[in-house]
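First up is the structure itself, then whatever we jot down about it.
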Amino acid sequence: MQLPIYFPLGLGALLFGIGLWGALTRTNAVRILMFIELMLNGVNLNLMTFTRYYYPENATGPILTLFVMTVAAAEASIGLAIILQIVRNRGTVEVDKVDLLKG
Amino acid sequence: MSLADLWAQHWFRAFVTGSLVLVFALGNFYITLWLERKESAWIQNRLGPMRAGPQGLLQVLADLFKLLQKEDIVPRNVDRILFLIAPFIAHIPALLIFLVVPFGPNMVVADYDIGIIMIAAVTSYAVIATFIAGWGSNNKYSLLGAMRGAAQMISYEVTLVMSVIGVVMMAGSLKLSDIVLAQAERGVLGWYLFPQFIGFIVYLIASLAELNRAPFDLMEAESELVAGYHTEYSGFRFAIFLLVEYVHMIAWSAIAATLFLGGWVGPTPADIPVIGPKLFGWMTGPVWDNVWGFFWFLFKTYLLIFILIWIRWTFPRVRIDQLMDLGWKFLLPVSLFNIFLTGVMKYGWNVLAESGSPLRWIFWLWR
Amino acid sequence: MEQTRELLINMGPQHPSTHGVLRVLVKLDGETITWAEPDIGYLHRCFEKLSESKTYTQVIPYTDRTDYLSAITNEHAFCLAVEKLMGIEVPERAEYIRVMMAELQRICSHLLGLGAMALDLGAVTGFLYAWRDREKIYSLFERITGGRMLYNYLRIGGVRNDLPEGIIGTPKDGRDKADKTIWGFINYFESYVLPEWDDLLTNNRIFQWRTQGVAPLPSEVAIAYGASGPVLRASGVKWDLRKNVPYSIYDRFEFDIPVGKENGDCFDRWVVRVEEMRQSARIVKQALQWLAENPGDYIAPKLPRVLKPPKGEVYIRYEGSRGEVGVHLVSDGSANPYKVKWRSPCFTHLQLLPVLAPGHKLADMIAIIGSIDIVLGEVDR
Amino acid sequence: MTAQYLSFGALALVTLWSAYKVVTARLITHAALWMALSFTSVSGIFLMLQQEFIAALQVLIYAGAITTMIIFAIMLSSIREIRVEPQEKRSIGQRIRASGLLAVVVGLVFAAFMTYVYYVSEIPKEAVPDAGLLTVRQVGATLFTRFTVPFEVASILLLLAMIGAIILTAKETE
Amino acid sequence: MEPLDIRPDLEALKAAYPAVEIAEAATGHFDIRVSLDQYLDVVKFLKDRGFNYPACITAIDWKDRLELVLQLYKLVVGSRQSPLVMVRVDGLPREGAEVPSVTPLYPGLNWHERETYDMYGIRFQGHPDLRRILLPDNWQGGHPLLKDFEDKRPRRPRLVRHRDMIVSG
């Protein structure tokens, strides 16, 4: 791999950055979930880059990514279920309109 | 730049094998469409297309030209980009499956050692393509059709992968060429069809549902009153959807042939015990192995395509809730049971293989 | 807060599986039907008004066009009504020819009804098999009457012409003579077609899934709604006008009446129709034996050219292929009938749709319409 | 040598552009599809890193399951205002927050900081030469030998997620 | 399968409603002439006596008056020659005739009553959904089966080509 390491790492960081930026700006709950997935993708990319560059024969990298993916899937399903309940009870999916606990 | 080292170039090899796979897919599409017409006619004891070309061989060409010159209407307030790219995204799963399928002894485009997971991964694009087509055409019915189609595909994708795991356990590897070789070692009729018969049946049903074909073609059935997600499409774009459906069908039967019927493994004329080597001795050698391998591969694939078409023209349509019940409550548990059964049987054979006790013949099939 | 919008859709008038120009307004909650209302009248040709300005013999072609899928049974019903009104004695050979033709027509119309239902449920092959066998009957009818679907063959007091040479054939005729001799067809039908229907569809797992338990019809509701024919019998009521209110010479034939179970559903209506075809074949065989034993040529009864039946009224009940056909004839002594009321079974059966459909899926609606086997020509008259 | 740069550059560009579009797409369904595209290109990068197993899983789990789940959620959650999100007038402050100037800065700072750390730290820049690459068999073996407990915990987690989702969303069917 | 005899039912009816005339027609069915106000009670009486099968309901236009005819018979499984009973209400005015509806008793006559209304203009009180059934909903041309009905729609000249002249009207 002649590609210097900080190319994929940089990409992972940027991906994480964009995810973070999206999560902070957009107000649609479903979209925020998308950004969480993007951030997790950035994390995975980092993980795999280190595995490939420094410990290619070690299997913990892919396994850890596997676990990240399962957690991401579980989190996405629960997040969407909660969003559906919010929609069903509050009628809206805009995060800043769901402010029942506001003082 | 002689051909040899040109061939060594990675990109050149990818380009050639890729285009060969494309040619294989389109050619077989042509024949499968013709076969479907002829077989359905044969089942309904009529003649089928006879006028265009000998035995109607040019009929498919006539259809494609007809669709080509039809006006390709793109409705006005449709979601333009999605509407236009939907058919092409639908192609991704159909064609990428051929990457991993071994056509002959060493005729495989990219032999990933995660063959089956790659196939499962790629097929999930079909769901997205259905959604894009349904959402793109921007009418309520095609959206409903698309959602229902997507739900059907997802629930049967799970079953499909589960039914194949049995074969993977037997072969001990995910790489399709290894699976075929494993079946070759198991002797003349060592196909995985016999030990994995449950898996095969579940695979067949699940692939029918995945293709939205035969008894499960809810999409363009009367319940939607409309032709499912590809209602708004016309002209050649609709022909591409047709192409996708049939290429997908060929892909699934090709995989089934590889996994259950021992892919390209088959007796060549040279293997005939007595007179074989003398008479057909000249037919051996690497090139001829590939030829015979490809022949057997095609033979088995078309055997399964024949069965798929046969099922389509004999069974009435299933209702949507029966479809879901069948998928989740019947096929999935059965395929899980098959995995469990294979595990037990293989363990049984490993334990009893050398002991010589008559008991081991029960497990022989799973050796 | 969760409000499910009810979807109002209308199936038809141009819909692949509503057997002609029927429009059904359906309210859907998700997938299940909550309300269904048929809207008819798209094929109304005012049969009654027309027949008031025609002579009795001229009305016969119109009766073909009411239930255009079983024309002979309609003609037979009308001719019986006029003959009863005028007290005409029909020669025995004509009676046997009429009964044989009526039963062949019943087989043919059932084939179409079953084929159409199979097509709606997705079994295209079943549909085409029904067409193939129907063609054979049509070629037989063409040789006898000249027409394939609408014949104008019966006359008041008998039939228009005798059976052509060699149409009956011998009991040994097999499948190759199926479209040349009636014996050939019957043997082919019984030995080959009926078992095929059972294997292809009746015992087909998915077909049973789609039809069993769909739209059960209790017998009281069937009677209260005036259901008749296969629909009534499928609900467990053993009532066949050919046996219970015998007309013509049906009491000389022995055949039994297939009956479904108490809450007869789509599957029972299907099985009753298939069994009825078997019984009709039996009747045709007996009629053929009689026709073979006394060949004799047919002597038409001497009737005045223009029939003027006496003043009076008659209502006869006839077992058509889809149910009880009622002909209410009022004559004022002139050459034209004063009033011809056609009580059509399909018109009455369509009233069952709003009762049967709610609670089922939309896909079941197609199975229900197929199982009550309506023909829009008879519904709209 | 340049082939790797070229392909990495292309994939990176596609990933970043689709990720950016996820943030700025007007329609939420388009956002979902852009996300699917970014997942696919990330899987392409995994392929470049010779990790086919993870690339296939990425497509299977992310581009297949999670995207479809999100699409179903979009359909179920906001059938009404799916057409066009209202673009009502917003004050300057809101617009700045919406335009995400702040977050972009945070993101860039974060990315810059990370690259600085890699650059400065004495982590060897060059990759280890192509050692024996990892086969799926090895991954499977270690998964079930060293990581059996985490594997079981993950499956329990998935079970809980499923049950939770069902309880939360199941309509009271009579 | 013994022939079904409904004479006792008719005697009971005669006893219950003396004003009713019962006659057996030559062509084998029984005519029960009823006045308009007794019509519904007679039908209820017959239903209780076991006339469970609604065959048909129609009207006859005798040029000066309308006559309503309701046909019932006993559907008794295994019976033979179950005779038909025609309940007749004569002397109805040609326009605006009001008759109580029997649909609550026999749901099977629902559409038959709607068709009689559509064709003859007899209104049925108590009918769940009395509107035109066969003719289009926006039909103003009156009730077609009346003897004096003529079609008032504008006539287009009929072009008869083979006799190369226009036959008008």
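As written, the chains take the letters A, B, C, D and E, and residue 1 is the first residue of each chain.
Just so we're on the same page, a residue touches a chain if its C-beta (ideal position, glycine included) is under 8 Å from a C-beta of that chain, and two chains touch if they have at least 3 such contacts.
All of these numbers come straight from a predicted model, not from anything done at the bench.
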Going chain by chain, each one touching the next, work out the least steps from chain D to chain E. 3
Partner chains that chain C and chain E have in common: none
Tell me which chain's centre, taken as the mean of its C-alpha atoms, is farthest from chain D. E
Note: of the two pairs B-C and A-D, more contacts are counted for A-D
Going by C-alpha centroids, which chain is farthest from chain A? Tell me that one. E
Express in whole angstrom the distance between the two chain centres, defined as the mean CA positions of chain B and chain C. 46
Chain-centre distance (mean CA atoms) for chain A and chain D, in whole Å, is 6
Whole-Å distance, C-alpha centre of chain C to that of chain D, is 64
Centre distance in Å when chain B and chain D are each reduced to the mean of their C-alpha atoms: 30
Show the residues in chain A shared as contacts by 2 or more other chains, in ascending order. none
Do you know which chain D residues sit against two or more other chains? 53, 57-58, 65, 72
So which bits of chain C are touching at least two other chains? 2
Touching chain D in the complex, chain B uses residues 11, 82, 112-114, 117-118, 120-125, 127-128, 131-132, 135, 143, 147, 150, 154, 157, 173-174
If you look only at chain D, which of its residues touch chain A in the complex? 1, 4-5, 8, 12, 15-16, 19-20, 22-23, 28, 31-32, 35, 38-39, 42, 45-46, 48-51, 53-54, 57-58, 61-62, 65-66, 69-70, 72-74, 76-78, 85, 97-100, 102-104, 106-108, 110-111, 114-115, 118-119, 123-128, 130-134, 138-139, 141-143, 146-147, 150, 154, 157-158, 160-162, 164-165, 168-169
For a test of understanding, state which residues of chain A touch chain D in their complex under the given definition. 1-11, 13-22, 24-26, 28, 30-31, 33-35, 37-38, 41, 44-45, 48-49, 51-54, 56-60, 62-63, 65-67, 69-78, 80-85, 87, 93
Which residues, counting only chain C, touch chain E once they are in their complex? 40-41, 44, 46, 48-49, 84-85, 223-227, 237-239, 243-246, 312-315, 317, 324, 326, 328, 330, 338-339, 341, 343, 347-348, 350-351, 380-381
Which positions of chain C touch chain B when the two form their complex? 9, 11, 15-17, 31, 118, 120-126, 128-129, 132, 200-201, 204, 206-207, 209-210, 361-364, 366
